[in-house]
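There are structures below to look over.
Two complexes come next, and they have one chain in common, chain A, joined by chain B in the first and chain C in the second.
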Partner chain A sequence: MHTVVAIKQVPDTTNVRINPETGTLIREGVPAIINPYDLHAVELAVRLKERFGGKVTVITMGPPKAAEALIECVEQGADRCILITDRKFAAADTLATSYVLARAIEALQEEGPIDLYLFGLQAIDGDTAQVGPGVATRLNVPLITYALHIESIDPEARVAVVHRKTERGIEVLRTRLPALLTVLKEIAPVQRAPLANMIRAARYKPEVWSSTDPVAFDQAQIGIRGSPTVVGRAYTPAPRQAGDVIRVSELGLQECVRRALQNIQASGAIDLASIASAKRPTDGNGGEHS
Partner chain B sequence: MTDEAAVKRIWVFIEQEEGRAHQVSWELMGAATKLSQELEGSRVEGVLLGYNVAHIAEEAYRYGASRVYLIDDPVLEKYRNLPYSIGASQLVQKYKPEIFLIGATTLGRDLGSSIATRVRTGLTADCTELAIDPNLKILAATRPTFGGNLMATILCRTHRPQMATVRPRVLPLPEPLPTATGELIREPLDLSEDDIPVQHVGFIPRTGGLNIEYADVIVAGGRGLGSPDGIKLLEELANLLGGVVGVSRPLVDAGWISYEHQVGQTGKTVRPKLYIAAGISGAVQHRVGMANSDFILAINTDPNAPIFQIASLGIVGDLYEVIPELINQVKAIHQGTERS
Partner chain C sequence: MANKLTFDAIVVGGGPAGTSAAITMARAGLQTILIERGRFAGAKNFFGGVLYTHALDAVLPDWQSRGPALERPVTDTGYWLLSPDSVLRFTQKSERFKKVPAESYTALRANFDPWFAQQAVDLGVLVITKTTVTGFLRDEKGRVIGVTTDRPDGDVYAPVVIIAEGVNNLLTQQLGLAKSDLPPRFVALSVKEYLGLPEKEVEARFGLSGPDEGVAIDVFGDATLGLPGTGFIYTDRAGISIGCGLLLEQLVINNLKPYEILARFKNHPIIKPYLEGAERLEYGAHLIPETGYDRMPTLYTDGVMVAGDAAGMVDALHREGTNLAMIAGKIAGETAVEAHKQRNFSAEFLKEYRRRLQDSFVLKDLKQYRRMTDFLDSTPHFMETYVNFANEAAYRYFTAHGMAKRDMEKEIIRLLTRRRSFLGVAVDMIKLLRGMRG
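Our next item is the complex of A and B:
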């Protein structure tokens, strides 16, 4: 079974800070990590390899530094890693990114059959969740997003049953293979890598593909030229108008709470006297669907 | 007579499941109506796919659609990516809308990128604000990026339609006009079941049924709770106020409560009438999920906690004192009401 996983190296956005004076993003010292969802996609591919044999190929588009992320994938158990890197790919939006990944995958398809494509649900730096669906559409393979669990998979019969998480519950979907899944973290817990993988990773050098070699990417579809969307303006969000801050140490507990309830009542947001009779919005989908 | 080809169509994808429209569709319809006021020669129209769903078009007219394009076909009975994206893309290619808005639900996020890829256009995900750029007369779609640390306004200058998704509850629900009517345009879908590589073979309904996105009152806790027992206290106040419990991400990561309760960038976006943030410092990742609440009451021991910068009222104090006192005083109000 041959699984291709696409990953992204991202800044650890939980550590991103804003310069309070300039209002700009402080990027220095922000560690680069493998997009957390992608770790689980790689893990799933490695588990499937253990079960069915075969191999795991990991691809990424990014700066040369993204090679670090690929080496971590080798530690996790990936067999082959490809870094697609070229300054011409820079400033790609999701349409241009999905073109590059789909074209790279087509080149891999020429080398031999691929059974499954795995992507993380979304990357934590952009949170768009668009690249996986875009690649599936370009490759014309079935797409299952929000994949939570693989109930069964049969590479011989080329069929899988996958659980997909939605707002309303879990859809159980049967799909033809090859298919493309975008995965949630629950799909496979990340396990500790065996020592042999670590040794292999220490010596491993990812393959490097440019925008012309070994695949001649259409230069009109990559990077900024291939991106229909552009950032018109970027700014730090304006803070909401803050109200008073009162202190228990100054006003006492009862008075603070009394003022809070008085403020809530006066704002007209809710009527405290009548709200207890309102029903809790716990109906499975009653509120969501009008 | 209007020249149909010259109309700048602002489209809203009307998401439905089991014959019921998702409220985000009407929230988007409200946004589309505002955009159409800023864009000369434009018109708000709905796109509806499903099976036996024509009745939803009536609802769409009331929320501002002058026309609804309907593909009603058995293969569309349950949502699947392929037939929905092919159907919607065919409509785009035929009617050439200027703008196409879709809810950033699990369904909409699955569908939107597939349509944008098929028709080769730009799609801006999870927007929090939509406007028409006054000079360029194109869509200015603003979204949080870098985990909510930065807002970016995205433009799609040359490709059409300009596509955007918006999360539920980010935009207000407009008032419907009960007498409004519109025009229904039916279009065919040339797909048979054999053409579709994915089949629904089962469904496991969500248990517990928490619907935090549409709750009127949320009592939320963060790291300041200190222990999982604090959640019981939040629950007690939430029950009293007819609300539900929300949390910031660390509590979900720690396994104290399920993901369904998580508010913020990687959780749910909420817009309750009352949001009580107890022991939540107010990191930007949390704030982007709740900053649209009508009234925010923040309770924190740290007077410098960023949550106070967005709170309607802040109390510097220990949540383990303040919440029990809130419970006491709310109970007293209720008892007073019962007696009168």
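Our next item is the complex of A and C:
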């Protein structure tokens, strides 16, 4: 079973600050990590390899520094890693990125069949969740977003049953393979890598693909030229005002409740009149609480 | 796991001692694995800031052509005696300091250690990060033949293990080489901030003519509230490292928080102008073993040698540590190479490591200053008494009050005797001399 995973190196947004003047991320001094969802995608691919044999290929588009993220994938058990890097790819939006990844995957398809494509749900720096679906569309393969669990997978029969998280519940979907999944963290817990993997990773050098070699990307569709997205303005939302504090110790319970109700009424959030006219519970437990 | 992971040598820890040992062994052709628990070598490391080039010369003779991550050469160095409102400076600035390479450089460990470890990688060392060594593998006679780690299938075998695990020497204790945790009397806690400031501004404030000049100052007295310890100020290329260290026990006895002492130091009227407008880029704290020669762990056993902070190799008086660690690492590495030649990894053979250290400045210096920590421990008033006295005396000396000089001299003597009896002074001086002379 051959799984291709696409990952992204992102700034650790738990540490990131925003420049108040320009509204852009201050990336300086912020550690770069593998996008957390992507790490679970790699983990799933490795678990599938352990079960069915085969291999795991990881690709990423990014600056040369993104090689670090690929080496971490080797630590987790990836077999082959490809870094697609070139100054010409810089400033790509999701359209240009999905073009590059799809073309790279097509080049890999020429080397041999691929059974599954895995992407993280979304990158924590952009939060768009568009690149996975964009690649699926370009490759013309079935797409399952928000993949939560793989119930069954049969590389021979080329079919899988996947649980997908939705707002209303869980969808259980049967798909033919190859398919493209964008995954949630629950899809596979990240396991501590065995020492042998660490040793292999320490010696591993990722393959490097440029914008012309070995794949001749359409220069009009990559980087800033291939990116119609314009960021109009980025800003930090103003902090919310603290709410009113009404102290029982100062005003007494009655007065506090009266004022709270007054505030709620004034805000218009709830129609108190309709609540008051509703029937009170009569099961005997609705009595007074001390 | 089908095949055992086997190497010629294992090094635990990617600091100066471990990396030096690994480089030495790799250059002699030993298959060497270095295991570091941090995300990268140096991720856990922190120091005030001066590196000595004699140690780099010894370990990596062509270090200059390898683009070392250093900040500024030290061309102006010495002591400041700081009282609550004054400073008396004993510093030397010399054209002799301006040779290339300089005797010492300021450095930031978050940059230097990864660079140093990369040199080891380039020389063939296998550096494994994010992996903690948890214990030892032994043969039927109990001799160490490898280590266990916190990873699945994590056992690694080698006939010799060099432990350079740092101040928190749990493995050294596990082997019984160190008898216990470091007692608070013999360990200092150092806190430091790295403050960013434009290069030109650093140079203007410290009187430096360019990036090939730098300052390294140890500050005694009010920097640590007069308690046994030191403050320090080092110039980096575009920033200042400022911090202070106190014996842990003093912090406990006096109920002090190290960051409060540093904040106070930074706000001292003499110090503050140097730091004006600088932005704090990094802060941290680290323990410094000041165990001294007499309480050093045993440095070797069957299949094992210990180097660096794990063995208490710090000369606090001269703020030296990394150079002792690097030289000790190198000697441990050389001993391992010899051991491989003789196929003998017994404690009896590895004793050679300690013998060679005794011939080097490492153990000679540690032996000479064996009483230094005891001196500070037994004369906690020392800094405050004499630093404040020196400043008072200098103030009288450098000003004119229409007073006869003879009377001024008498007053200076009185300033001292008010603080300490003649006998007390004599005892302090004898203790200091003993501290210095071993």
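Here, the second predicted complex is superposed on the first by the 223 of 290 C-alpha atoms of A that agree within 3 Å, B and C clash if a C-alpha of one lies under 4 Å from a C-alpha of the other, contacts with A are read in each partner's own complex, and residues count from 1 in each chain.
Basically, a contact is a pair of C-beta atoms (placed from the backbone, for glycine too) under 8 Å apart; a residue touches a chain by one contact, two chains touch by 3 or more.
In this text, all values refer to a predicted model and were calculated from it rather than measured experimentally.
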item: Which superposed partner A:A104 touches (first chain B, second chain C, both, neither); value: neither
item: Partner chain in contact with A:V248 - chain B first, chain C second, else both or neither; value: first
item: Superposed model, chain A: greater residue contact from chain B or chain C; value: B
item: A:A69 touches, of chain B and chain C: first, second, both or neither?; value: neither
item: Which superposed partner A:V42 touches (first chain B, second chain C, both, neither); value: neither
item: First (chain B), second (chain C), both or neither touched by A:D93; value: first
item: Which of chain B and chain C A:I199 touches, first, second, both or neither; value: second
item: Chain B versus chain C as contact partner of A:A136, first or second or both or neither; value: first
item: Of all residues in chain B, those that touch chain A in their complex; value: 16-18, 20-23, 26, 59, 81-82, 85, 105-107, 109-110, 112-114, 116-118, 120-126, 133, 140, 144-159, 168, 197-206, 208-211, 213-217, 239-244, 265-266, 273-274, 284-285, 288, 291, 294-297, 303, 308-318, 321-322, 325-326, 328-330, 333-334, 336-337
item: Complex contacts: residues of chain C adjacent to chain A; value: 1, 5, 33, 126-131, 149-156, 281
item: Sites on chain A touched by chain C in the complex; value: 29, 75, 191-196, 198-199, 202-203
item: Interface residues, chain A side, partner chain B - complex; value: 11, 13-14, 16-18, 25, 93-95, 98, 124-134, 136-138, 141-146, 161, 163, 165-176, 179, 227-237, 239-240, 242-249, 253-254, 256-261, 263-264, 267, 269-270, 272-290
